[in-house]
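Below is one structure, written out as structure tokens, with a few remarks after it.
For clarity, chains are labelled A, B, C and D in written order, and residue numbers in each chain start from 1.
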Amino acid sequence: MQIFTCPFCGPREETEFHFGAEAGKARPEPAPEISDAAWADYLYMNEAPRGRAREIWVHLTCGEFFVMERDTVTREVLTVAALPGREA
Amino acid sequence: MSGWRLPSGGAIDRARPLGFTFDGRQFEGFAGDTLASALLASGTRILGRSFKYHRPRGLWGMGGEEPNAIIDVTDAGVTTPNLRATLVPLRAGLEARSVNASPTAERDCWAVLDLLHRFLPAGFYYKTFMAPDWMRWEPSIRRMAGLGRLDPGNRPPADAVPMNARADLLVIGAGPAGLAAARAAARNGRAVWLVEEAPAIGGALRWRGGAIEGADWEAFAADTAQTVEAAGGRVMTDTTLWGAFDHGLYAAWERRAGRGDRHWRIRAGEVVLAAGALERPLWFANNDLPGVMSAEAGLHYLSLYGVAAGRRVLVACANDAPYAVAGALAEAGAQVTLADARADTPEAPEGVRLLRGARISRARGTREVGAADVDGAHLDVDTILCSGGWTPTVHLFCQAGGKLDLDARRDALVPRPGTAPMQVAGAANGAFGLQAALDEGHRAGGGTGPAPRAAAAADWAVMPMRPDPASGGRQWIDLQNDVTFKDVKLAAQEGFRSVEHLKRYTTLGMATDQGRTANFAGLAALAAVTGRSVEETGTTTYRPPFAPVPFPVIAGPRRGELFNPPRRLPLEPAHRDLGARWRDYGGWLRPATYGEGDEAALAQAEALEARQAAGLYDASSLGKIEVIGPGAAALVDFCNYVRMSTLEPGRARYGFMLSESGVVHDDGVVLRLAEDRFLVSASSSHTASVRLMLEEARQDRFDPRQVFVHDVTAHWTTLTVTGPGARELILGAGIAEEVAALRFMRVAETAWRGVPLRAARVSFTGDLSYELSVPARHGGMLMQALDGARAAVGACWIGLEALMILRAEKGFVLVGKDTDGVTMPQDLGWTGPREKRTDEYLGRRALFTPEARRADRRQLVGLEAEGEALPVGAHAVPLEGQRRSLGFVTSSHMSPVLGRPIALALVEAGNDRLGQEVGIFHLGETRRARIVPACSYDPEGTRRDG
Amino acid sequence: MAERDAMDEREWTNPTPEPGDRIEADGVTVTCEASGGAALVSGDLQAALAELAPGAPLLGLGAEEPDPPAALRLARDRALVISGAPLELRAGWHAGYAVSPADDLHVIVRLEGPRAEEVCRSGIATPLDGGSPCAAVLLAGRPVIATRHAGAIRLRIERPDAAWLWSLLGQLTR
Amino acid sequence: MHDYSAFALLRRGLTGHRGWRPAWRKARPKPAYDAVIVGGGGHGLATAYYLARRHGMRRIAVLEKGWLGGGNTGRNTTAVRSNYFYPESVALYDLALRLYEGLSRELNYNVMLSQRGMLIAAHTPAQMEICARIANAMRLNSVDGELMSGEAAVRRIPLLNQEAGARYRCLGGIWQGRAGVARHDAVAWGYARAASDLGVDIVEGCTVTDLLTEGGRVTGVETDMGTIRAERVGLAAAGATPALAAKAGVRLPIHTYALQAFVSEPVKPCLDTVLLYLGTGTYLSQSDKGELVIGGGLDRVPTHGQRGNLPAQETVLSGLLEMFPPFGQLRLLRQWAGVVDVVPDSSPVIGPAGPEGLYLNCGWGTGGFKAIPAGGWLLAHLMATGTHHEISRPFDLGRFAEGRLIDEAAGAGIAH
């Protein structure tokens, strides 16, 4: 059982968290101008990096979405950060 | 028959003899014995048969490493298979039975297999049993395999208790190194958890004895335990630390006599591993014969149980450790010869004949040891105690990612410092001597100043011992799985030279002893055969569990009532009083029907009564998510397929929540309670995910200070009244006229009998319906009032089964039942927003992929058929041409109000097929049905307003 | 009752506990407490508390609850404001914060006695005294709000899960 | 090649088994091949075998960074089956099952295919309806599938928990008689041996570090053993595939997760079929050795580490005991985790991608073992002909842009 750190609640057990997606994707809009390939790339394609990964997670008990950087092999958590504008 | 009980000595209670049986024969031991010590004392040699060749096997070790003495134990009428005799405390009346032998270990009819051994080398089964077919051979092979027998009547209770704990310092193993570490740390004020697998602390001190700091070791151990507890720590015995997991989590299994075991999840700040070392066997021909034992185990049984392993004993070794057992056995009266492979040895213990530079090459005897060949000489012995060196118990270090180095002086793989987040001390680190263990433990525990002093010899070296490649006999490497040196050679010859391949091809190390005594030997043998070093050869991966752990310990209390429990209605007792029969619907326990009788008939009657008069049902499980704030309308718009920002306050609208892949995730009504306050309904099983989707959009896309999401489902009890008599019924219950007068898809927040009441004119049946919600504490009052008004209109309570009929008659979908994971809103006939909306919403782009634009998508339709209801799960097939699936029936009922079957189905280009006939295929039979619109009852909606 | 057919659910023993229900066990007593009033409040929590429950502290995991009012923090911008009696609040938007009535959202379960902490730790892995500003936490996989009150541990669990918690505590306190 | 038999065992047994040759040659890589396959698991080795056997290709190399079959081929619960919903899936997995049915004899290697049957067990009326939907789909797709009653299920699996206190009493489910288990290592070794006999170079301990391209064409791979030229490169490296494909600018819809499996101590036969229980998500069979081999859901944290996590163990094993209370007598002997490459629709990706000459066989998620012969057959077809086999065409990477997902979990309500 890993420990992740919610930027607000602090360190909690991994079962309180849910993986969202790889970070850094911007939803392509408006829909009519987006090609099938571009949409599929946004929706489905990943890096699945071996090693350092930057991901969006949600802390289920408080509902906070945040950014976590971690190593997918060693499982070391490197950084966590609130979404922009949420730090306050 | 060689082991014998000394007249005195050992930590057993000779005043309390305990009778037990083994393979049907009666024996006696003493309180404090283990099954193994009692059997050893009885002189019983053959305790089991080997897995493959059915060779006779006897006791080897003293703990979890035991490869041979695997026993089915019946205690108090309950049988448990595959216990190690070394770990079973003796109890009166215990019945023990050998495994893998028929009828008994003594006389096993399968022993004949050993004669065929030369035709059954490693992996022989990959080369044969191919004709005519493996399946012909498998049943008999399966019956031969397996160890113990499962008792179908033994259903162990789910009484293990999970425990979460934090430990500042976790010390694993309470031998000398662990004790020293724990004491040093506790003296520094640290809260130490000292965890020991054995029933008592002390490790090898328990049978080796010794003086520490000028007193008996027990004083040191007691002082340590006291110091640890005084500093807020904890000493746990009978506790196996079995797994090292990520982020400093350790799993431990604590055995508690007479109470449920405990499953500890310990989050440790720092860890000291002081798990000791295990003695390795020696390799000589017939080294598997009963009577060949671990030398250290010989001392263990002698000291703790007063049992000598034999009368004429050969102790064979190449290190100092067994000198103590040789001396002790001689003192106890056995005739002892010590064969040390080293030329340079310590002095012989008193009464022991020492052969320097001497190696054993063969054990003789057919069923047990009768003699030994040492350097060509024939020694008349009944017992051979071996020590082929020591294997540090590094499992947890390696589980935590640690790497090993070969320490040539000690002929052992030892932890490479810094490769795992723990310190290792004592024999686990290759420090085999008592003083070295104390020194290392003291330092690992952060001790300053001198370590505890022992009155013991210095550390000693181990001369590497290996299988003899020139030996003509069979040298066993893995006793339980019957892997010999020749098997290792054959594997290497056939190219299985990776240590993982060796393991898998020969099964070396894969038995229930997890290769404790076998792995290093196998690895060393493979290295020798392939001309590589031990380090180059590498080890297999260490994974939890360190020792076999009972399934119930890990599984914990999550069983029966506690396994995936459904959510419960606050009014459950009241529904029970009404005779509800219950079922799990979407994770909620809800009434299926009311009253006694056939469920289908009850549902028919309830549905009919609801159509004719009125029905009442508990809709509290329906998700209620408030979206509040100036940004609420925009958020709800984005998250719904149907625009909600155009709703006026006090009105409601039906819509869908889509996933980004365009698939219908949920459906439900959105109520606009105020300009800046919406109530989003979610189906019972989707409330959590809908709330999360709203939260995600809120935080990721909108100004999260302008809109907020509250899941208030559990605050409310919702009772719905539906049917032509609904208005009369609620008026009869004293609900205000203004509520009764609400128009369709309107909502009112009002009060009733002084409590808040929210009433909505939404309908899941097509009939006039009122959805009435009050705070849960007032639910009983509302239920009573409605129930009291029921008789006047002839209404009844309806369960989910009837409700399913009512909504299916109207063609209303149940997401997840009438939709699947590819269903898009246009497939349900909701094409408007897709065509008209120009703003962004969840799933929008995915509604326009080539697949989403296809004309032949599966669409929701109704089916009309004669006779009985169509089976759900039946497929629609063309009546002519090639038979293929056009889709499938998703809901199907006999409609009591229509007097005929109705069904919903997802059918390829269903809308284009309206009026056509199709075949309905179910389990080989095909009926006919006509494709019709999904709504089969009151398509004009005349009943909506009563 | 008619013979159970295969499609029947198993029997479920404990319904949702009612105030006053108790489990007496060795070293620990579990009690279902009556709840006064509560509301979910989101947004500018300082402003909300100043207006709705002046003086109410904002409490995190394992914090000591004073007499009401108090606010149990559930997220960065959300809290459960608790009071002695149902809150007479206007639900909806309050210029900076949102309010939803939640008087009956939770069932309150009190664990008292020398084994209370141990029983609680059976289910909750996160230390109650670890200083987390948020009182919501998972207990054996389901969310609860965990605080302390007058020497006891107080768990608030959403009403539909309370029957399960009651059964679980029945087992863990054995 | 055909020298494995009972007779050969007897003959060589008399001479100390000195005559057995290595099962496969330990090859050093040559500078160039006609086809290079990255990944020496079941799929990669099967691809090489079928390239040589069916397509007559001779200069073939399989590059494996570790030891053969050390990935998911050697870390699964060994079930083989084709009880799927969509015709595309059925075609794929039944091709595999049909190839498995003749595999031992074709390879002259006993892969111990045991067609003992498999039950997907349901515990609610709603699940029984889904089971009917799948069983009917199987029949319409000409695969053996039955809807089994609860009584029949309990007759086959008498230890199933049917007591009144059971959370999930079995109502029945989908029965596929041809499903079963096979010996996972033997599949890899058998293909390796047969491929090696056909001249395939199998190189262990060789890590591919880069894909080489020129003018939009694949020209080879860079490895820690040097450059290897090839005009056709097949990637069959499971969780390592995304990183390799990225070298050629190809993005994949893959997340990697750890999937654990559990083994009990061995006991005499007590379970004669493969069982997947929908209520608990736990699945199991009993190995020939007598061990229960148990699996369940994924560890929920994406990872490339082959380590299992405690919460998943607790979930899977509580599910096991809820289904089979007598198994509470048993102990967990071994546990391991494989890194599975999971695609949004849980169906594999087979087809060309990026530069000409590059082919993928990945995304098998939790279900790769059962598909090994088909995965190899189809990738070999692609690499030899440059075009899809009809069975692999629906599994092309292009399906994501087209929105044409083959989502068994969604279509059948059952996660595979």
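One rule holds in what follows: a contact is a pair of C-beta atoms (placed from the backbone, for glycine too) under 8 Å apart; a residue touches a chain by one contact, two chains touch by 3 or more.
In UniProt terms the chains read A = Sarcosine oxidase subunit delta; B = Sarcosine oxidase subunit alpha family protein.
Just so it is clear, the model here is predicted, and its values are computed rather than measured.
Counting C-beta pairs in contact across A-D and across B-C gives the higher total for B-C. For the pair chain A and chain B, the distance between mean C-alpha positions equals 28 Å. Once the centre of each chain is set as its mean CA position, chain B and chain D turn out to be 22 Å apart.
Along chain C, residues 7, 10, 78, 125 each make contact with two or more other chains.
Counting only residues that touch two or more partner chains, chain D has 124-125, 165-167, 307, 309-310, 344, 401-403. Within chain B, the positions touching two or more other chains are listed as 162, 245-246, 249, 265, 267, 558, 560-561, 583-584, 661, 704, 709, 846, 849-850. If you sketch which chains touch which, every chain touches every other chain without exception.
Looking at the complex, you find that chain B touches chain C at residues 159, 161-166, 260, 265, 267, 557-558, 560-562, 565-570, 572-573, 576, 581-584, 588-589, 596-597, 599, 621, 626, 628-630, 632, 673-674, 676-677, 704-705, 708-710, 712-716, 756, 775-777. Partner chain D is touched in their complex by these residues of chain C: 4, 6-7, 10-11. Residues 1-2, 5, 7-10, 12-16, 40, 42-44, 77-78, 86, 91-93, 97-106, 118, 121-125, 127, 140, 158-164, 167-168, 171-172, 174 of chain C are the ones touching chain B in the complex.
By the touch criterion given at the top, residues 239-240, 242-243, 246, 251-256, 300-305, 307, 309-311, 341, 344, 400-403 of chain D touch chain A in their complex.
By the touch criterion stated above, chain D contacts chain C in their complex at residues 124-125, 150, 164-167, 169, 171.
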